[in-house]
Every structure is written in C-alpha cells, then in structure tokens.
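Consider the two complexes below, in which chain A is the common component and chain B and chain C are the respective partners.
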Partner chain A sequence: MNYFQLFQVPAQFDLDLTELGTRYLELQRNFHPDNFAAGSERDRLLAVQQAANINDAYHSLKQPLLRAEHLLALRGVKISHEQRSFTDTSFLMQQMELRELLGDILHSSDPYVLIDEAEQQIQQQKNVLLKLLAQALEANHHEQDLQAADIIRKLKFFFKLQHELELIEQQLQD
Partner chain B sequence: MAYSEKVIDHYENPRNVGAFAKDDPTVATGMVGAPACGDVMKLQIKVSADGIIEDAKFKTYGCGSAIASSSLVTEWVKGKSLDEAALIKNTDIAQELALPPVKIHCSILAEDAIKAAIADYKSRHGS
Partner chain C sequence: MALLQIAEPGQSAAPHQHKLAAGIDLGTTNSLVATVRSGEARTLQNAAGDDMLPSVVQYLADKVIVGKAAVAAAIADPHNSIFSVKRLMGRGYAETVAQAQQLPYLLVDQQGLVAIDTAQGVKNPVEISAEILATLADTASQTLGGELMGVVITVPAYFDDAQRQATKDAAKLAGLNVLRLLNEPTAAALAYGLDSGQEGVVAVYDLGGGTFDISILRLKRGVFEVLATGGDSALGGDDFDHAIVQWLQQQSGETTLSHQSLRQHLQLARQIKEQLSAHDQYAFELPTANGALALSLSREQFDSLIQPLVRKTIRACKQTLRDAGLNADEVAKVVMVGGSTRVPLVRTAVGEFFAAEPLTSIDPDKVVAIGAAIQANVLVGNKSDADTLLLDVIPLSLGLETMGGLVEKIIPRNTIIPVARAQEFTTFKDGQTAMSLHVLQGERELVDHCRSLAKFNLTDIPPMAAGGAHIRVTFQVDADGLLSVTAQEKSSGVTASIQVKPSYGLSDDQVATMIQSSMQYAKHDMQQRLLREQQVEASRVWEAVSAAISADAHLLGSAELLDIEQALSALKAVSQGDDTAAIKAAIDKTNHITDEFAARRMDNSIRQALQGHKVDEV
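On to the complex of A and B.
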C-alpha cells in the first residue's frame, strides 16, 4: 500500500507534518466505524480495515526513518526486516566508542557532563545523516536510493544510542 | 520473552570479555552490527604462527542473546584452525543456546563476526 497516496501527500521525504496531521484527522473522521454502523457487514469490515491502514500509514509517515523506508520500498529497495549484518568497520568502531562513553556515565562523578557530551555527539551526527538522507532520496535514482538505505542503517544505530541514553538518564533520576 | 538457561549463564558470566592490544600482529578483529536492533559486536582472535586460534575476546553491546552468542563463539573458536572456525554456523549457535526465532539474528551476527575476524587476519597475512 502506498501511504503517500492514501494521505494524498507528495511521495517525498520532505513532508509538511502539520498537513499530514490535518489529513490524518480528516481520514480518521471519514472512516470512523460509527459512520458505517448502519452499513452491511462487508462495509463495516472494510471501514475497520481502512481505519487500521490509516493508523499504520500515519505512524510510518510521521517518523523520518519509517517514512524513508516506506519511500524506498515503493521504489523497490526493501530494507525493513533485513537480517544482513552491517560491516562498515570505521562506523562500527565509532559506535563502540559512543557506547563506551554511555557506559561511563553511570560511574562518573559528574554524569551530566558526559550526558551532554554524548547527546551533542549523537544529535550532531544524526542531523548530518538526516541531511544526507534527504539529499539522497530527493535524487530519486536507484544508486542514490541504495546510498539512502545505507544511511538509514546508520541512523538506526544512532536512534538506538539515543534510546539507550534516555534509559541512562532515567536510571540516574531514580 | 524467557531466555534459556544457557543464554542467562553466558549473559551473567560472559566468557572472554575484553580486547587485545590493537597493534599486536597476531590479533585480528571482526566488527559487525545489526541495524534493526542497533547491536554492535566486536570479536578478536589471537592466532599462532601455525594458524591456530589461541585466544579470543569479545565486546558486545546488545541484548542477552547477542552477548551469549558472542561469548559462546569465543569459547568455541579457541584451539581451532582458522578454517575450522570458519565452519561455525549460526544454526549451531542458535541450537546450543536454544534461541527463539526472533533472536536468530543474534546468532547470525556472531557467525558474521568470527567470519569478519578471520577475513581480517587473512587480509593482513596474505593467505
């Protein structure tokens, strides 16, 4: 299913999220099961199915990584559920170092300094990758799509790091 | 999800955690990652002049199954030749640790890590 089509927004990475939210509320209203309460069983089932599609689509389109993955899938480059290992050694070395930095936080006498440092590094590199991702996707050529797929893989590591950092911050607060 | 006893054992008492000196010419390193879960695995082997893996160390950031898979592989490769170690299959790891289907990718990661370390050694020693 083409989520961009469902939401009648252009099939591109750079999306107007306000417009997306408005479209979501409209669609939700139009396909609310209550509207089909008097309809046939088939109509009611279709409405429920469509409501589920709308939720899935919104969930995917509003998050940059999922949106990019969906866009790539529509262009024939499928990377969700892949189990291939990532082998970019220098990138992974850097990931290890960031993980080590995160590991030091809980034992540090001044953990918030390290948290700031980690947050800055993660944010900065995430932003660089997101910009590269937008550029690669905008080109709309197979070669750049493959590059985009690789950038998404890297971004996933950074989103994971960010999640880990949030867990550490929670732990510190408790 | 419940971990098997063997996974818990490796997770709580991981074997061979750590790293060898980077500049040691007998050491080779395999680095792999799994984008889907953000796991990162480093596996190092120390190889004797006659091509036997004398020692192995690992460092893994990931779930219990990923840690257990890499810990198990460091145990298995010790004393093996490079060619023997290259035969380790992810299915053997998954079976030994009784990994559930959703964690099979952790064993794939460990197999890829040892293969990457062997490839690293061979590329440095030209064999």
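On to the complex of A and C.
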C-alpha cells in the first residue's frame, strides 16, 4: 500500500507533519471501529482492519526513518534485504567511541556531564545524517537511493544509542 | 414490501428510535450502571435506591445474592462471599496463591486458572463477574423499561489481554452485547471533556479499591488521544485498609486473625479511612480476643501509614509522563477518579506533583460510569452527529518468545489501536508442516518476566524444503484491546490453521459450555437466546446494507443491485421466523453477496474523506 497516496500527501521525505496529522484524524473519524459498533459483524471486522491500516500508515509516515524506508520501498529498494556491509571505518570508530562513552556514564562521579556530552554528539550526528538522507532521497535516482539506504542503516545505530542513553538516564533517576 | 422499503432512502426500520444502551463501571469494590436520558448521563438506582452495587457475590446452596446483602452476610459466611473478584480476572491459580495470602476463599486450580469453591460448587471469576453484570443490567432494564441493545463496560487501562477477554466473556455469559470495552480513565475524561470542552493535556489519576491507573490524554477538537497509560493493577484503596489493619494489629498485639476477625478489622479500617478524610482525629473501639480496646488515630498518623503507597502512585505518574514525552508542568488538568481520591493526602500529593488543582466536580465514584454511558449512547447509534473520536492505545507490549527464552516485541506499548503487525517466519526442517508460537505481554526482556498470553499452533503448512516456506503471521489488536492471530504461507497462499491455547483464559468452547450449563438457561432458553442473537445480527446486517444502498447505489451495476435486494428481502422474511440455522445461512449469503460492494464503498469513502484537499492547497 502507498501510504502517501492514502493520506493524499506528496510522496517525499520532507513532509508537513501537521497536515499529515489532520488527514490522519479525518480518516480515523470515518473508519474508526466506534462508527460501526452497532453494525453487522462483517462491517465491524472490516472497520478494524481499515483502522489498523490507517494507524500503521500514520505510524510509518510520522517517523523519519520509517518514512524514508517506505519511500525507498515504493522505489524498489528494501533496507532489510540490503546485503552491503559497512566499509566506512570512520563511522565504525565513531560508534565505538560513543559506546565507550555510554559505558562510562554509570561509573562516573558526575554522570550528567557525560550524558549531556553523549546526547549532543548523537544529536549532531543524527542531524547531519538526516540532512544527507533528505538530499539523497530528493534526487529520486537509483544510485542516490542506495546511498539513502546506507544512511538509514547508519541512522538506526544512532537511534539505538539514543534509546540506550534514555534508559541509562532513567536508571540514574530511579 | 421489503423491496419498497429498501428503495426509499432513509426509511430504515425505525428511524430516530432511541435505543437503550448503558455504561457499566465494573469495579473492584463497587459497580455502577449509567445511561443517557434526555441528553443527560446519570447513574441508575436499584429498587433499594442505591447507585453503587458492592461488587460482592454470595453463593448459597439454592441462590445467589449480589451487592449489599452479600456484604452483610460476609462476616458470617466468608468462604462463600466473594469480594474484589476483579483482581482474579484472567489470573492463574499459582500466581494468585502466591500473592493472595489474605483472601479468605477456598481457591481451586481450574485447568491452570484460579477459581473458588463455593456452596454452589466451583465458580470462576468470569462466572462471578457475570452475576454482578446481570444484576446491573436488570437494574437498567427495569428502570428503562426494556431490553438493553448494548453496553459499554469499563476496564483499567492497565488490564492485559487475558483480563480484558475475561471481562468480555463475563458479559457474554450475562447475555449482554458489548459495544466496547472502554478504559476507565478515558471514560472519566469523556465525562469531563464533553461537559466543559477542554483542550490540552489531561492526566487522569484513578485510585480505586484495587487498581491504580494513571493516563495522560490529549484533548483536541473533540479527539481524545491517550498518549500513555501506566499504573499498578494490584494497588488501591484496599491497600490503605490493609495498612490500617496492620496498625490495628500492632496496637492489639494479635499477630494472626481469623477470617471473621480479618473481615471485622477491614470494615473498621474502612470506617477509620472515611472518617479521617473529613476529620483530623478519630476515636474508636477495636474488638479483640481480650475485649474491646479504645484507640484513636490522627490524620497525621494515617498519612504516614499510607505515604509509601501514595508515593508509589506518584512514581508511576512520573514514569507515564516520561512515556508520553511530557513534563508535569505541561499537564493542564488532572481528573480525579475513584473513591480513594477523597483521601486528603492523595489530593495534596497529586496537586503538588502536577502543580494543578485536581478536578473533582463530578462524583469520583460515578465519573467512570457516566463517561461509559455517554460513549454507549454514541456507539449504539443514538447520536449520529457525535464528532468525538476516541483513540486508545495498547497498555502493554505484545511480543513473541524467541531462542533462549527471550521476548521479541512485535507491538510496543502505547501503540494506537486497532493495530495489525505482521511478522515472517520460516521452517527449519524439510517438510515441516507445523510450528508453534508463544505470545507474551509485558515490558521485560525475559519470557519468565512477562505474562504468557497464549500458545498458537500453526498446522497445515504446505511441506517444502527447510527455509522454503514463508509464513506471515499477523497479530491484530482490536479497539477493545483484544488480540487475534492469523497466519498465511506466502508462496502458496495457503492459510495455516491456528489453534489457540490461552494461558490464563477460557477457550471459546469453554465459554459456550459455561453458557449452556449455567442454571439461568434451561435448554429452551438457550435456543431462544441463540435465535434472538441471530435475529439481532440479521437486523444489523439488513440495516447496514439498506443504508449502504441508499448512500452508494451508484457503485453497483443493476444486476448486482438486484441480487443484493433479493438477498435482503429473503433475509428479512426468514429472520421473522424461528429457524435459527436458516437465519444464519441468510446472513452468510447476504454478507457474501455484498463483500465486493463493501470493499468498493470503503475505497470510495477513503477518497471522499479527503476530498477537497487539492483545492485547499491552491
């Protein structure tokens, strides 16, 4: 299913999220199972499926990584079946350094300084990669699409690091 | 005549007829039923003039007593008077025994599920809850003068799949048509939201008898979106009572209590709690084995007894705000729900944490039932112009067991429902035709730390070389938060069959057997009930298809239209008779003939829903 078509928004990475949210709510207003609660069993089942599709589509377009993956899938490039391995050694080094930094936080005497530092680094790298991703996707050319797939795989590492950092911060607060 | 009716647009069987619907708050300590009459939602009173029905069921050899009379009998007959059955819904025997030293019942292992041995034999929590639901439904139909078309039943937002399913099974057993299971905090927000038209972020702090829920909702243009839910399904006002009982025991030096004196202590504790909500000090007498003991408890002492429990609720508020990605100061309103929010320490602690005066203008005991009634009125179709949209989320992540006892999450918590997520599996042996999946619910990474929901056995997989079969398993959670699973082999398109073994629930067959064997339904009643169910479904189908034709006949060719009209008039004719099987066959035929039409309408209405945007953008 083409999620961009479902919401009638342009099939591009740079998306107006407010507009997307408005369209989403309009569709849910019409298809949410609550509209069919007194309906026949078949209509109720159809409504559940339809509403689930709409939720899934919204979920996929709302987040930049999933949106990029969906866009690439529509262009015939699948991330999950991407067999290329990383050759970018500077990226791998950077990941290792950030991992070490995260590992040090819980043993540090002033953990919040390290948290801020890690957060800043991750955020900065993410922003750089997101910008590159937007550029690659805008070209709408197979070569650049493959580059975009590479960037997405790198970004996933940063999102994962960010998630781990949040868990560490929670651990500290508790 | 039927054909004529169909051809006339808008002439459905009973236009604008008010359908009877009710909202039910099935609580741990008390239950209520409410309905909307003349545009106003109100709780209904039983013959004795009470709004609140104590959620207590007493089994005598020859009859069942529900409510106040059962409470009164509880001290003399603790084994047969079941309190707080909600805490046992969807629970296993072993875990209940491990947690519930204080329960004065004879717990029984019913194929892994917890059940209670009573004067009427073994009763499971579904059967006990059904008694409470049936009593409330009686109150409603007697007050309203007719059979209920449907009900909305509220459940704690934190309830897992097994607990929700058990609640739905109880309604089925009580002969009720469930329009929706609604989260309690959402219902409370509905009650306040529709009154005042609030916008912004709202926290619903719900401290009932046995459960604590905190929900963060966003209200915007009539849309209720649950951003996050959290809480503790085993923490509530009952625990305040137990804290007081412990203090009483310290004073009297009685280390162990008989079932009977535990009940006495608990009733006294409740009285003390209520008194200290209005007064700074309360003096009372504690009956002990060595005579009565004169005691006095101050508000301050009481506060320090319950402080750890209240702090626990605030910690859950923090966690849930974090899940919602918000700070406490972004919460504009706090709705207070549940009798335990009358305790002054609770109000102060909540007010301080959110830096907002908690809302208490609707009775905290009634607010959930009132919200449920408002939603029931909309869902049954009495308010077609209603523009509220309720978006709810799944409270606990759903996952699958993988190698090494680990859980892989498939649907993370706080995902908006309904939701469907597919996962692909492959066979690892040549010619493998079956595989089994273990579905769990919870946030932890180890299988042992999550709740087992069900084991699914897939069979009829077409035999292929190892890794050749690609089985796509779809996990769907509906708007009630209930899970269903389907599976398909991708290359052959063969649908694998699934046998579900719920870990802490009843299978469909078990529910059917319970309905059949329940004393209320003699064989004739049972047949009548099945007939009635099919007749109701027939009229739903007839109404839905008739309305569809009035609205979208242009999507049909003339031959298609004729086929559908014929099926409809056949359906109408047969549904007036008493042949249950023939009605079911006519429903199936009508559904089959209109499948394509339904799909076309769906596509068409998606296009229409977003029509006009292209113009706006210019």
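The rule is short, and it goes like this: the second predicted complex is superposed on the first by the 154 of 174 C-alpha atoms of A that agree within 3 Å, B and C clash if a C-alpha of one lies under 4 Å from a C-alpha of the other, contacts with A are read in each partner's own complex, and residues count from 1 in each chain.
What we mean here is this: contacts are C-beta pairs under 8 Å (C-beta built on N, C-alpha and C of every residue); 3 or more make two chains touch, one makes a residue touch a chain.
Because the structure is a prediction, the values reported are computed rather than measured.
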{"item": "First, second, both or neither for A:Thr18, with chain B first and chain C second", "value": "neither"}
{"item": "Touched partner set for A:Phe159, first chain B, second chain C, both or neither", "value": "first"}
{"item": "Partner chain(s) touched by A:Leu92 [first = chain B, second = chain C, both, neither]", "value": "first"}
{"item": "A:Ser109 touches, of chain B and chain C: first, second, both or neither?", "value": "neither"}
{"item": "Superposition-derived comparison: chain B or chain C, residues of chain A touched", "value": "C"}
{"item": "Chain B versus chain C as contact partner of A:Phe7, first or second or both or neither", "value": "second"}
{"item": "Chain A residues within the chain B interface of the complex", "value": "81-83, 85-89, 91-93, 95-96, 99, 152-154, 156-157, 159-161, 163"}
{"item": "For the chain B and chain A complex, residues of the former touching the latter", "value": "31-38, 40, 42, 59, 61, 104-105, 108-109, 112-113, 116"}
{"item": "Sites on chain C touched by chain A in the complex", "value": "19, 149-150, 179-180, 221, 223, 322, 378-381, 387, 389-391, 415-421, 476, 478-479, 537, 540-541, 544-545, 587, 591, 595, 598-599, 602, 605-606, 609-610, 613-614"}
{"item": "For the chain A and chain C complex, residues of the former touching the latter", "value": "6-8, 23, 25-34, 37-43, 46, 48-53, 55-56, 58-59, 170"}
